[in-house]
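My questions will all concern the structure given below.
Read from first to last, the chains carry the letters A, B, C, D, E, F, G and H; within each, the first residue is number 1.
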Amino acid sequence: MERRQLESLLTAVERGECSVEEALERLRALPFEDLGFARLDHHRALRTGFPEVVFAQGKSLEHLTGITERLAASGANLLVTRLDPDAGTVLARHIPGFEYHALGRIGRKPGNHPAPAGNGTVLVVSAGTADLGVAEEAALSAEVMGNTVERLSDVGVSGLHRVLASRDQLWQAAVVIVVAGMEGALPSVVAGLVRCPVIAVPTSVGYGASFGGLAALLGMLNSCSAGVVVVNIDNGFGAAAAASRITHAGS
Amino acid sequence: MERRQLESLLTAVERGECSVEEALERLRALPFEDLGFARLDHHRALRTGFPEVVFAQGKSLEHLTGITERLAASGANLLVTRLDPDAGTVLARHIPGFEYHALGRIGRKPGNHPAPAGNGTVLVVSAGTADLGVAEEAALSAEVMGNTVERLSDVGVSGLHRVLASRDQLWQAAVVIVVAGMEGALPSVVAGLVRCPVIAVPTSVGYGASFGGLAALLGMLNSCSAGVVVVNIDNGFGAAAAASRITHAGS
Amino acid sequence: MERRQLESLLTAVERGECSVEEALERLRALPFEDLGFARLDHHRALRTGFPEVVFAQGKSLEHLTGITERLAASGANLLVTRLDPDAGTVLARHIPGFEYHALGRIGRKPGNHPAPAGNGTVLVVSAGTADLGVAEEAALSAEVMGNTVERLSDVGVSGLHRVLASRDQLWQAAVVIVVAGMEGALPSVVAGLVRCPVIAVPTSVGYGASFGGLAALLGMLNSCSAGVVVVNIDNGFGAAAAASRITHAGS
Amino acid sequence: MERRQLESLLTAVERGECSVEEALERLRALPFEDLGFARLDHHRALRTGFPEVVFAQGKSLEHLTGITERLAASGANLLVTRLDPDAGTVLARHIPGFEYHALGRIGRKPGNHPAPAGNGTVLVVSAGTADLGVAEEAALSAEVMGNTVERLSDVGVSGLHRVLASRDQLWQAAVVIVVAGMEGALPSVVAGLVRCPVIAVPTSVGYGASFGGLAALLGMLNSCSAGVVVVNIDNGFGAAAAASRITHAGS
Amino acid sequence: MERRQLESLLTAVERGECSVEEALERLRALPFEDLGFARLDHHRALRTGFPEVVFAQGKSLEHLTGITERLAASGANLLVTRLDPDAGTVLARHIPGFEYHALGRIGRKPGNHPAPAGNGTVLVVSAGTADLGVAEEAALSAEVMGNTVERLSDVGVSGLHRVLASRDQLWQAAVVIVVAGMEGALPSVVAGLVRCPVIAVPTSVGYGASFGGLAALLGMLNSCSAGVVVVNIDNGFGAAAAASRITHAGS
Amino acid sequence: MERRQLESLLTAVERGECSVEEALERLRALPFEDLGFARLDHHRALRTGFPEVVFAQGKSLEHLTGITERLAASGANLLVTRLDPDAGTVLARHIPGFEYHALGRIGRKPGNHPAPAGNGTVLVVSAGTADLGVAEEAALSAEVMGNTVERLSDVGVSGLHRVLASRDQLWQAAVVIVVAGMEGALPSVVAGLVRCPVIAVPTSVGYGASFGGLAALLGMLNSCSAGVVVVNIDNGFGAAAAASRITHAGS
Amino acid sequence: MERRQLESLLTAVERGECSVEEALERLRALPFEDLGFARLDHHRALRTGFPEVVFAQGKSLEHLTGITERLAASGANLLVTRLDPDAGTVLARHIPGFEYHALGRIGRKPGNHPAPAGNGTVLVVSAGTADLGVAEEAALSAEVMGNTVERLSDVGVSGLHRVLASRDQLWQAAVVIVVAGMEGALPSVVAGLVRCPVIAVPTSVGYGASFGGLAALLGMLNSCSAGVVVVNIDNGFGAAAAASRITHAGS
Amino acid sequence: MERRQLESLLTAVERGECSVEEALERLRALPFEDLGFARLDHHRALRTGFPEVVFAQGKSLEHLTGITERLAASGANLLVTRLDPDAGTVLARHIPGFEYHALGRIGRKPGNHPAPAGNGTVLVVSAGTADLGVAEEAALSAEVMGNTVERLSDVGVSGLHRVLASRDQLWQAAVVIVVAGMEGALPSVVAGLVRCPVIAVPTSVGYGASFGGLAALLGMLNSCSAGVVVVNIDNGFGAAAAASRITHAGS
């Protein structure tokens, strides 16, 4: 559309229906995205299948229902994060094909075109059972974005044999997302075992001096293993988005 | 070596020179890495060309000289970070082929075998001139690790046209490292423009309530652009290591 | 009244009914505001139409009803901030002409004399839909204070084309209030585009390491765009008061 | 120049020397600022006389000399902030007409065209003698930006009579910049006395639990006087820039 | 009792019924308080009338009822702090003469002997209406401890005339307790007006960057008025105890 | 089992049923714990009787019931921490012999084999009645781990005679766990009185500037008594585990 | 002077030389302090002998010399705090009778009239030898303000017998200033032993997690002994000023 | 002496030279330590050989020399911590037998009686070479206190095989002190491998968001391995003191 708008302006210049001066003025006033900026954005969405993501937390039920219905109708790959069970039930009733995943507090509905497949497996590793919710948010989000996802759970550093026993699985991953609360030490250990990218997700799991995940966050930022990168506390979705940027590289 | 050690034990069992009971006991006592663990580690270094990195800060000059001379002699790709000019001069005098880069406080010496080439370009973007030191640490480190590196400087968000004018360069990068102090907003803007991985490096540039880079760090962790990942404050080397994990994926 | 009090004292001195010594003593004891201080305060209210503002949060319903009824009866421009829906409904029932705005949690009732008109438009820009509540608090408050207010919403920095497309609207504003949570980068971008005053309002929108708006607050204080000023987290009313001080300058 | 570039493209289309398709492609690649964006930026500088500002802190002497000489040669109004005495002496020797102000650590040189005059007086109020350096940074910067500046010093809240005695001066200002360390209470008191805009600058003056100015910063952000706005700790320049945005409004 | 225990030991030594060696050994094992230490503690309570204080918050209703009934029965001056309305109602039903004060969340019952009277008036000054709860906790507690208490409310620094109008009342106080939230500036202003002791109580009133009273606390600790002392956030009782130590000095 | 697995592999080599090469490959793939690692872990559990501990907080009732039933069936010493009364009642109904302790929020069920007895008494000292919950968590946990536990309560430093009166009890303990909130000073006092190990547990008891136990935590970490060690805020279980490591030393 | 100014105005009114209207206008413009406010301030200084205090830190030597010479010439009791040895030597050379105390970094010179004597002894208690500097600042300042001062040093809580052995001295003090770093527990212990006012001074003594005195500050604010009041970190002078407000009460 | 004082009093009572009443009065006034308290303290020093420890940091050279000479003369086991090389050289010149250890910044001189031997080995494990200084402070201090000490260095979690290879050494230790900076993950890993007590020492090693060791401190406090205890940042001496309390238990 925007391209067509620009095309018709140029055609008018070509035909002498519009003076150069006039065209200059209109070009200056043209909304920026008409020059390909917004379109690009759109192209990117088409290519990567990166879905429109709805962050449900703090939204009223009406707003939530309205937005998701409109997106579902558009045929996009629908992903709703931080969705509580009650709202999830409502959405599942309204939108055919919508499925709710309680553990990761994620709602999903496949769109008309699946997301383009990423290269390689995204492995989501979590330290303790209390980190499973954030891990599921990451895993389910990564799936919607076109990735093959594997899960490896309860491999905290207090029992190293658990993570060591899974070395093969770790070595075969294209990207590893490591979800951990408390002292957040697992990404350092994992990054010492693999050479693929490692994305660390601190969780707010812990009490007292974990200060809502600050301890794990600082731990991960100060990892002694070179090349660990970190996202916000409890931000499983963000880790999935980062992983998907990696697996879709070059595509 | 370790494999040979294990092989000879098994051969001894095969030949009846060692009882099963005795072998069990020796296996239990065998250092863990003898089972392939440490070797693997070694293999990884060979494959990725990831150099032995020396963190110079806080090391005495004697220690520093000793370590780097030994590494240089081994033929490895030598990378020394946080190296101040005085120590850099000393090392350059001692080690033939050693070059010191003052801005990034990096010392380098190519090894016998160059690091394997990464896939695609690592683009290091910095917001202000005061961020150039950290940006150079990232760029020089990434080069040592086998990457093609481009630099894009002084494109802070207070003048958007500067970053927008470089869209093509941004779009062609395989990974973008964004280095910024103060409010740390540049990664959000860049990640809204590209679809490749974006690694954010907060710097301690700023005064007052930047609290040594905390403001930029928090800003980057809370980026509204999905998929931005973050490393420690001023950690240009860490960003390069993460970028290199990405560009060497699959290799 | 106070002036009259002072006048009668001076007259008594003039008439010899009060000795200089006695007058000195009484002047010393006279409450300070009797010398014009409080009156000035009053004059200011008359001139700027700055309404009596009721901060509802934490007040009991009885207190709230009592205060607002008294103010409404006085004919002042009534503004109640941080008013929850239940209390808003009660007030709307008690006070004719009182209207409640749920999104901004604001209650208003025009007084007998409208506030003097400010010079130019106050433009309230918000980054995401989750910032709309604070933005409405700012917009509605600024309106009560006599300002023409425009709103520009959902123009976060992850999609620059959105804010760039509104350059004309930005350029025409007398003051821009920029409301943003997460990394709080929008004021830096906006202040790079306009030359009028820019007031930044951090919001507590975000999770994890936003630490209740601290990330956005620090981001805004460290803005790389010169001349950005900041108010407290979620303090839409404060931003409106600051904007109104600017638009009423010289009046 | 950029306009001419665009003009020649359109003329080529008009003349049939360039197809519409080709023009579309070239327009897409055209740097954004060619459409007037950067020019606008330039226009703004011309109109507001807002000088090129050099932040000297952390820059090497060579860099600093180079940048300032080039700027001085361009005829711009030169302003160098955070300039220590030694560097100031060097610059004064190199650049004719350059003057160094030790208290505010500011270097200035008038350009060919003075900055356009702002409307009204900028009054810089400081709480204690230890705050004078930051206050001078604000005052000198505001002067370079075309403002008439007055100073009011040592009027801390522990002796209210000092600030009350200056009510007239306060009432006549167009903008008041209030510089204070320790508990940062002065802006609240001043904003209760005037109705013009009040910009608060926390300073790092204080010891112990002032935590480098954090106490004053928080105090100012939590001011009980409506409409106080705040800039970064010790950021006198930033306050001047904000004040100048206000005094140049409408111009 | 303890004295008697010691007396009988000494008597036994006097009578030769106990050897010196044996007495030495028994003295060494004697609980410390038997030497007058605990008795002294008791004497202090008798002299100052400082009541047994019950901190109700977090205690179960059964515990609370049990403790207060026992204390009431002992004839002591009963003071219960942080008492919510429901528990207050229960206690009022169980304990004759018990009265509950909702604003200060205090329950009191006069004992058999009133507390000894303190010297001079304790003046409790509060900045805003939202600080009244903490102010009442201070005022009611100080009364129970034998003090004459006056209250001065809503004299925040945004309208200085209010506090200045009460100079006489301030000058006549023996101790001033100043209760303030937000930026906590009032104690600095008050301490600049009086020469008696000033005890500052920060409150958690405020939002956003008040961080639960931290802003007010830091403000008060950094007061530019010499001699301001500070207690914990919202700790009205603590301020009363400190004031009472002062008014009972020498008694 | 694992040993048997390894044994059969070696036997196969011995018998020539498996080549050395093949054995090498299988050994490399063998999960790490098969080499004695996990067994050791298991041995440790047998020797120290350190029970499987269930952290109930945040677990769903189904999960909780499932895990504890399975553990109870296994005959292990069952310990459930952070168990709220409702869940405690449910578990007590499902699991014969399960007892719930409300104060410490602990559920326990003796296993088939009691934990091996520790050397000496673990003395749990608490400063105030509000610290009793955390103290009980420590005491009950230490009992399950095979320790003789004594309790000493309400001996805060504001009345030194209370702690001094218990010197004998303190001197006879093998380990002292000191539980305190507010300023957390008790461990310093106790460690000055005894020469056995002292483990400090900060609690979140306090208000205002205790910041959820941070004040006590910092106080304990900065103890002027040499050799005080600290665990996380409110972590009574962790202190018990540390104490039990000490009392079981050498066993 | 100011009184005379007012007197002459009133006399002019009495004589008919000035109209009431005119007098009203002049009174309104009259600086506030002319009404007795500033005089009062002056009276207070005369009565309490509270000296003009010079905070030397951060002042240039010229400034310092100028200010102190002028004050010394005025005959006031001179007190200079935070004075380093070099500057102290310079001042001692310039100002006859000036004495420098290195430990407390205090310079003093008695004025023409000694400060009025306070009631009772100010006892300055310090926990460790590293706290002696701050303790001396408090002690020397209190002396200048007219107080009898005693010192009690090195009585930290890790050896309770030291503080207990000084109970008599503690009981006889009118005010106790307690100076302590590290965990800051000493004020709690002292306040449990005495009933006079206790002023706590946290020091920055300690390392690691003392965070520059924050640990001691929080510890003191959270004291479990009722009525402990706190001043800023290392603020010995502030504690002396507070103590002197108490000892001069009623005078 | 004190005992004799008490003895003579009792003898006087026995002989009738002192009445019971009089003796009671004198006993009440008797300094507390005279009853055996201080003596006990002394006994403890004799038994545990715990040396008089001098914390050199911040002490003047004269003070330092004076104290250490006096202690050396007394024949005690001398231990000086945080001793910089210059002061160490001075002390070594003054005190025969004094030896200075630069890495751990420790000075030592054996006393007349060696400290009683502790039970078992204290193993000091450090994560990186930058942690060696703190580790040496711990190791040398523990030796002075009578312990057999072993060291295990450079076993950070980024290369697990290094720590796993030392399992035997870990298993044989009586106490393990784990020294680590950055993310502080090593204690969690070690505590998962051993069942003896584990004392974690966070170091200030790291940059950026390590915030002077805060990251490591929080990581260790939040360890997922049960029973890890923590001392202050960089407090190697404190860890040694804690370890020595454990190894001397029962003695």
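The criterion applied here is as follows: a contact is a pair of C-beta atoms (placed from the backbone, for glycine too) under 8 Å apart; a residue touches a chain by one contact, two chains touch by 3 or more.
Quick caveat, the model's predicted, so the values are computed rather than measured.
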item: Those chains which touch subunit G and also touch subunit C; value: D, E
item: Interface residue identity across copies subunit B, subunit H - same or different by half; value: different
item: Rounded Å distance, subunit G centre to subunit H centre (Cα mean); value: 38
item: Distance between the centres, which are taken as Cα means, of subunit G and subunit A, whole angstrom; value: 59
item: Residue list for subunit E, restricted to those that touch at least two other chains; value: 32, 159-160, 164, 208-210, 214, 217, 221-222, 226, 232
item: Interchain contacts, given as pairs of chains that touch; value: A-B, A-C, A-D, A-F, A-H, B-C, B-D, B-F, B-H, C-D, C-E, C-G, D-E, D-G, E-F, E-G, E-H, F-G, F-H, G-H
item: Of subunit C, residues touching subunit B in the complex; value: 127-128, 156-160, 164, 181-185, 188-189, 191-193, 206, 208-211, 214-216, 218-226
item: Subunit F - residues contacting subunit H, complex; value: 44, 47-48, 50, 53, 119-120, 174-175, 195-199, 217, 221-222, 226-233, 237-238, 241-242, 244-246, 248-250
item: Residue ranges of subunit A touching subunit C (in the complex, touch as defined); value: 31-33, 37-38, 41, 55, 57-59, 63, 202, 204, 212-214, 217, 232-235
item: Residue numbers on subunit F that touch subunit B, as the complex places them; value: 3, 6-7, 10-11, 13-14, 16, 20, 23-24, 27-28, 32, 35-36
item: In the complex with subunit B, residue positions of subunit H that touch it; value: 129-130, 159-161, 164-165, 167-168, 205, 207-210
